[in-house]
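Below are structures written as structure tokens.
Two complexes, one shared chain (chain A), two partners (chain B, chain C).
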Partner chain A sequence: MGQLPFDPRPWPIRRNQALQDQTMRHTIGFVTRRFALAKRDVYRKNPAIEASRQAAVGQKRQAIRDMPRLLEQFRAQVEEHGAQTYMAAGAHDAIAIALRIARQAQAKLVIKSKSMVTEEIELNQAFESAGIVVRETDLGEYIIQLAREKPSHILAPAAHRNRHQIDELFHHDASQQGIQPPVSDEIAELTHYARFRLRQEFLRADMGVTGGNFLVAETGTLVLITNEGNADMVTSLPRVLVSIVGVEKIVRDWSSLVQIIQQPAMSGIGRHLSSYTTMVHGPRQSASAEGPDEWHVILLDNGRKALLGTEFEDVLSCIRCGACLNVCPVFREVGGHAYGSVYPGPIGIVETPLLTDLQVLPEIPSTLCTLCHACLEACPMDIELPHHIVALRRLKAKRRLNARRLDWTMRTWARFWQTPQGYRRSVQIARLAQRVSRQPRILHSAPGLFGGWFETRDMPAVAAETFHEWWPKHHHTGASEK
Partner chain B sequence: MPERQRIAKEDETVVARVQLFVTCLADMVRPQAAIAAVRAMERRGVNVEFPSNQTCCGQFSYNAGYQHEAAILARHFLEVFETGETGHDETEIVSLSGSCAAMVIHSYPQLLFDDAMEQGEPLSVAEDWKRRAQAVGTRIREWGTWMGKTFGSAQEKGHHLPVAYHLGCHMRRLLPPSGELTNMLKAQGILAREPDDADQCCGFGGTYSFTEPAISTALADDKLKNIDKLVHDQGAVCLTSADLGCLLHLAGRQRRQGSPFPACHISELVDLADQNRLTPEHIESLGDEGRK
Partner chain C sequence: MTVGQQFEQKWQENSGKIIRIRQIAELPGFLEGIVRSYGHHGNMPIVMAGLPKTWSDAISQGSAQAAYLWAEGGDKERFRQYCEGSTLGVTGCAWAAADAGSVSLYSDSEQSLLPSLLPPIHAVILKESQIAETFQSGLQAMYQHAKETHFWPSLIKVIAGPSMTADIEGQLILGVHGPQDVYAVIVEE
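Here is the complex of A and B:
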């Protein structure tokens, strides 16, 4: 079973805080719609990429099925190149390994490229507790690090913040550092400020940490895709490099990599490829001018392998493109933080409980999905997200994790409606309740679970004559002649 | 379709025979929609059967994770519609909700298979349920799409009344394209206009609408904002949909906010058009029928 960090505040508090934050809702609504539109455009203008997407799905599924063998092949290749590899069963193991490497290297400043897995294991917190300074070098990650926040979007961690808020953060940072703040809150100026700040850290850092988008088993290559090129610096400047990667990132060979590598950018931001592709084969060879002296690759399980061979196996094909977040109507309303997990959106409400065997945030498959199926339509890897969400709700009901009131209501409801007699009786009971509560035509309230509807909406009362009642009286007496 | 030809030979006036699946919401809170659908079909020579033992497709249980409860209702549904009242096994089933049709087509086979296995039935029994569900699934259609396909859009009327049309998520994503429905409406003089952001869920989501009212309502408010825009920019006179759940949710929200706006099932508009009564006044009085 995996270990995942989570926001311990109860769901209603997380939800209400999100719904009250109009600036965040506006920002996230704007960003997600823009990404979703860009994705739709790139697919519409390039019909041929559909075939490559389907090929990528096939390749990725096969790699997941062959995971144990391919991981062994990857490790053997990487070690042959002079690097070390480690298998971490859980988050704590990965942290322990990374800390040991950092201590041995006497690292004081660590620079990182964007990585969801290090969010998943809370690497920054562990390093900082050990007195090691960590600097995020992806612009979005840098922003949320300054704001002391978690990412709100898998692909765009600061998608919930607008440029005015980012300008404020940078001004605060500048005054602390005693340096010149951004000239204005224009995006180019903000970027310029971050570039200047980060450049100093790049040159001073003694250890780099990356995640990984793909692990190519054939050649033992780690592949990173970024839009800022920061991974090039992180993997080549510091003397020690640590890469922490989920085991599901494995791909068989370069021909399958070529298919799969296009998918995150196309489905995430509507571009054919990310701006930068960084590849790491091993530590610096004696002949080469740059690169780290040491490379350590930590392969993280943290609940993933337990999904192999189950109905949820396709979840391991996720390439973290964020397409499901961008189209999700609920995500667009509440943003990523309301989910309480480092993995928000449709993939997050499936993956968070699954990786932790429903120990962490078991409520989120129920509270954050209307089953509209937009995510299934958007997912380039054909992950059956709505199906899994229903399956998780089923697991919750089976393990009695739901409120007893919900159990009772759903069972009683079905018991009435399994026979025509029970169905008729439910109509009579509803009418009686409406009479007693003096709501003859329009209902403004109802008891029990149904009360939720009436917090914000009205509903017509049960008709004086239902269709079932109308049919025998009117139908055979020439109703069709009208 | 061979079946329809066979029936037509028996009786020249009957162009088709269907079984009506009224759905629980139409039956209980909007029977006018079902009555309108029956009238529109019979006017066109359709022989409508109503298997009166029907209750509900069980989607509310299924989506909430109560699989066994959903399976009980699904088995009842199959038993009712496999024979109907006159035993016409090949008859098409028309559903007054796209979402319920999608439930029968996409969820029943696996649901019934899994539930039978879980109840300790032999594999052959589970497979038999699955096969029966698949057979019924091939017969069920959403009403408006069926009307469009069966009667086409030949007799186009001159004038067009703009209406706000909400295409529900399950119809949009889980059923075959429903262009024939909007063409059929157009032929009736009904110009179905989709709001901006049409592919975003209205927030109904079945049981989600009352287990998570805050988010459900936030989504409704977004949808209603875009519908308002259709009213102002294009003069839409009402909101319509083939899914009553979404309609009740959106109309119920408007009523609570003190700005009720006419909302009706597409069948009610077709029925009005048939009678040359497709005017804003008649549409407005639709909701009052049978309630006074």
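Here is the complex of A and C:
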């Protein structure tokens, strides 16, 4: 079973906080719509991509089934190139291995490129507790590191903060560092500050940490994709490099990589390629001007292998492009933090409970999905997200993980609506209830058990005469007139 | 549309800039112009790596600006310092792709990735014959070559545009960590 960090506050509190944060909602709305449109355009203009995508889906599914064997092949290959590899069963194991490497290397300053897996295992907190400074270098990650927050979007981690808030964070940082703060809160100036500030640390760092987009078993290749170029700094400059990668990133061979390598950029930001695609094969060859002297690859399980052979296996094909987030009507309204997990959006509400055997945030498949199926349409890897969300709801009911009150309500509701008579009786009860509560046209609240439903929704009142009640009267008359 | 024209179009769509030159003698003047317009304060305005000797000689001799070339057996610490202080990094490339508008660089004894990373401007010089029609076919050719020679470079970098971010309010900004300007200089053969 995997270990994942989570926000322990109840869902209604997370939801209300998200809905009141207008800055976040505006930016998330803007960013997600733009990404979704760009994706649609790139596929429309390049119809040949579709064949690659379909091939990639088939090959990736097979690679997941062959995962144990392919991981061994990958390890053998990169070790032949001079790297060290490790298997980490859980988050704690990965942290322990990374810390051991850092201590052996006497690392004092660690620079990181963007990695969801290191968010998952909370690497930064562990390193800081051990007295090692860790610097996030993706601009968005750097901002949320200063603000001590979690990412609100897989591709745009600081999408919930506006320029004024970021300017404040940078001013505070500059005064602590004793350096010149940003000249103004113009976005170009803020970016310039981050460039200058982080460049100094890129050049001083002893150790670099990356995640990974793909691992190629046949060739022992790690592929990293960024737009900022920070992964190139991290792989080129420090003397020790540690790459922490989820085991599901494996692909079988080079030709599988060729089919899948453009998918993250195409589906995530609507471009053929991101600005930088970096492939690492091993530590620095003696005559090269750059690259680490040591390369360590930590392969993280953390609940992933438990999904092999289950109906949820295809979830492991996720390439973290963020396409499902960008089209999700719920994500567009509440942003990433409301999910309470490092993995937000449709993939997050499936993956978070699955990786932890429903121990972490089991409520989110029920509360954060309308089953509109937009995510299924958007997912380049054809992951059956809505199907899994329903399956998780079923699993929760079976394992009695829902609150008793909710269970009772749903069972009672189901009992009424199983038969036409029951349905009609429920309508009569509802009509009586609305008369007693004096809400003739729209229901804004309900007593007791049903109150929660109305906290965020209204419901049209039951008509004075329903269609079912009207039909027998008029149908009879109509037939006799003929 | 030729492969070269398609590359030009895609490279520009990726916010890259294009220069075509007929002979290598035109190169130093053009590079000098870039450095002058950007401004320079250190003692090594231009750093170079992975260029054919005739090209790097032409740049060193033809330019009034000091230029340093990475060569096998060079002092990597000193080269890194030069790259950090320079305005313009000039490199060759292993191959380019027309459909993606990308160039690929390998880290090896002759080629360094640092001039494409640390200076604020990167110019990559290529011949039209180095451009593959598609990124996928370029990757396949690279694999074949690695298989035949039993050698994979430790680092391979594919560049498709300047360093960019939209992390603040979704607004696109160029030059966050790597170069803000990337020039592809196509040498006509």
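Throughout what follows, the second predicted complex is superposed on the first by the 416 of 482 C-alpha atoms of A that agree within 3 Å, B and C clash if a C-alpha of one lies under 4 Å from a C-alpha of the other, contacts with A are read in each partner's own complex, and residues count from 1 in each chain.
The rule is short, and it goes like this: contacts are C-beta pairs under 8 Å (C-beta built on N, C-alpha and C of every residue); 3 or more make two chains touch, one makes a residue touch a chain.
In this text, all values refer to a predicted model and were calculated from it rather than measured experimentally.
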Worksheet item: Touching A:Trp408 in the superposition: chain B (first), chain C (second), both, neither?
Response: neither
Practice prompt. Return first, second, both or neither, reflecting whether A:Val258 touches chain B, chain C, both chains, or no partner chain.
Written response: second
Practice prompt. Identify the partner contact of A:Arg163: answer first if only chain B is touched, second if only chain C is, both if each is, neither if none is.
Written response: second
Discussion item. With both complexes superposed on chain A, which partner does A:Phe196 reach: first (chain B), second (chain C), both or neither?
Written reply: neither
Worksheet item: Looking at the overlay, what does A:Arg15 touch: chain B (first), chain C (second), both, or neither?
Response: first
Worksheet, complete the sentence: The chain A residues in contact with chain C across the complex are 27, 30-31, 34, 52, 81, 137-140, 143, 156-159, 161-163, 166, 187-188, 190-191, 194-195, 198-199, 202-203, 219-221, 227-230, 232-233, 235-237, 254-255, 257-259, 261-262, 271-285, 287-291
Discussion item. Applying the document's contact rule, which stretches of chain B touch chain A when the two form their complex?
Written reply: 22, 24, 26-31, 34-35, 38-39, 42-43, 50, 52-56, 58, 60-67, 69-70, 72-73, 76, 169-170, 173-174, 197, 199-201, 203-220, 222, 248-249, 252-253, 255-256, 275, 287, 290-291
Discussion item. List the residues on chain C that touch chain A in their complex, please.
Written reply: 10, 14, 49, 70, 72-74, 76, 79-80, 84, 99-102, 107-109, 112-114, 117, 135-136, 139-140, 143, 146, 152-171, 173, 175-179
Worksheet item: Contact residues on chain A for chain B in the complex?
Response: 15-16, 19, 33, 329-330, 332-334, 366-374, 376-377, 390, 392-397, 402, 406, 410-411, 413-415, 417-420, 422-423, 427, 430, 441-442, 449-453, 455-468, 470-472, 474-475, 479-480, 482
